[in-house]
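The block underneath contains the structure these notes are about, expressed in structure tokens.
Lettered A, B and C in written order, each chain numbered from 1.
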Amino acid sequence: MSARILLALAAAAGASLALAADIPPEQRRSAYADMSPELRAIQDDDAANPASLWVLDGEALWNEHAGAAQKSCADCHGAGGALKGAAARYPRFDAALGAPVDLEQQINICRTERQKATPLAWESHALLALTAFVARQSRGEKISVAEDPRARPFVDAGRRLFTERRGQINLSCAQCHNDNWGKSLAGAPIPQALPTAYPIYRLEWQAMGSLRRRLRNCLSGVRAELWPQESRNYVDLELFLMSRANGMTLESPGARP
Amino acid sequence: MIEAAEPHSGARREFLVRAIHVAAGAGFALLTGASTASATPDMLREAIDELLGGAQARPGRVRLEIPPLVENGNTVPLTVSVESPMTEADHVTEIHIFNEKNPQPYVMAAYFGPRAGRARLATRVKLSDSQRVVAIARMSDGSFWSDSADVIVTIAACVEINE
Amino acid sequence: MARALVNVPKRARMGEIIEIKALVSHPMESGYRVGLNGAVIPRDIIRLFTCGYNGVEIFRAEFSPAVAANPFMSFSTLALESGTLTFRWTGDKDFEVVETAEIVVE
């Protein structure tokens, strides 16, 4: 597959660690731009996008009374539309935790603290459905994360993760996604890693998945050991990636190859 | 158990399907010699022969739209449309879609009547490799028409390693 | 659980050709994939999709393992009368999903 190409890329990039420059704002483009017209049509048509099935389930869960408190999301938040703009601001600095949380973690904070219910498992149907429903309310909104100065150290931690080499193939995220976006890797164009559409229906998974799951695929891609599912590294990296996409339009829930 | 198609019983036949023309103009390659259960171009031919029952499928009237370069073989959008007045006297009755290199040659069979208004379907299919896809329409007068397309299938660069 | 999502115009003129879209949730396990333990994952697919219009079948499709997961179909029919479109998917493991949509034809 792409192992040989990745190795060649790693060799060509040299042994030194270069702090790759971010993509100039005017050159940023969503991976949507690299998709075939047919796949774009799937994302654009709610009647054809499989993600719609998760959005519908998310709406049902939104209205379901859960946990010892027997509260629904709607009881506190009202109709889903009240959360317009919310997903475009995640990951968000959580003052109580003193650290950023992503949307999936926020949903579980609400589940455990407000609904007095058990948290939903990572990549579970219920968590993906709720994330898809909440994110859908912000489709068309401008991404706006890390405005809070307290988030700064975590953005920097995410940047370090993005620019460090890792894995048997010894590549950093930046080497592909900052330095070589647009070029072809195993027949597919390298995207800029701007997470504008999460959660996504990924054709490769034949299912919905979170940004966290996609990052785990990237770690697999460079043959790095996966960070544990609850690792703070994911959120720091998500925060950094979303901050790179600040000002871009949220497409969620999207379709991707 | 992996369900493999039975190899055609009896003697192997050399069979050049001239009736099915590829949009690009080349015919199917002639396959000779011993076949295995996984020789799907043979399975494709046999599946088409079974449908045609000795008749010929003429190229034309059918339009198979499928991206020439596919991002992921798990989900390949395709559309088949057939020129037809869709009247009681003259309409499409069936559209059959076949593939060349998946483990088995069938993709879908769809059934129409004059109430369709238009003979057109869109769906999404799985293609395991770069290959030819064939669409054959049967008309109410019993005639068969066809179209085909060659598709290149890539896979995602960073795939999952499941724990 | 949302098992299916169908899209039918709410209103149409008599004789108009209307486009119908139908999406159903299903893994469409082909039966050709091999799991982590080396064993083949058994086939689990939808085999038949039908659409009825006030009880008359107006479209039918037989699915093979080559149909993609979460199957999508788009097809058309003549708007001839007001009433109900009924969508039905059946398949392995006694799978059955039925979904309906109303249309007003004037």
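In the analysis below, a residue touches a chain if its C-beta (ideal position, glycine included) is under 8 Å from a C-beta of that chain, and two chains touch if they have at least 3 such contacts.
Computed from a prediction, not measured in an experiment: that's the story for all the values here.
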Worksheet item: Which pairing of chains gives the most C-beta pairs in contact?
Response: B-C
Worksheet item: Where centres are the averaged C-alpha coordinates, which chain has the largest centre distance to subunit A?
Response: B
Practice prompt. Could you please state the distance in Å, as a whole number, between where the Cα atoms of subunit A are centred and where those of subunit C are centred?
Written response: 31
Item to complete: Provide the C-alpha centroid distance between subunit B and subunit C, rounded to the nearest whole angstrom.
Response: 21
Discussion item. For subunit A versus subunit B, what separation do you get between their C-alpha means, in angstrom?
Written reply: 38
Practice prompt. Scan subunit C for residues touching two or more other chains and write them down.
Written response: 28, 68-69, 72, 74
Item to complete: Enumerate the residues of subunit A that touch no fewer than two other chains.
Response: 206
Item to complete: Pull out every residue in subunit B that's touching 2 or more other chains.
Response: 74-75, 124
Worksheet entry | Partner subunit A, residues of subunit C touching it in the complex | 1-5, 7, 21, 23, 25, 27-28, 68-70, 72, 74
Discussion item. If we count contacts the way the header does, which residues on subunit A are in touch with subunit C in the complex?
Written reply: 45, 47-48, 50, 52-54, 56-57, 60, 125, 206-207
Discussion item. Show me the residue ranges of subunit B that touch subunit A in the complex, using the header's touch definition.
Written reply: 67, 69-72, 74-75, 77, 124, 152, 154-161, 163
Practice prompt. Provide the residue numbers of subunit C that touch subunit B in the complex, in ascending order.
Written response: 17-18, 28, 30-32, 36, 40, 43, 53, 56, 58-69, 71-78, 80
Response to the item:
subunit A residues touching subunit B in their complex are 1-2, 35-39, 41-42, 185-188, 190, 202-206, 216-218, 220-221, 226, 257
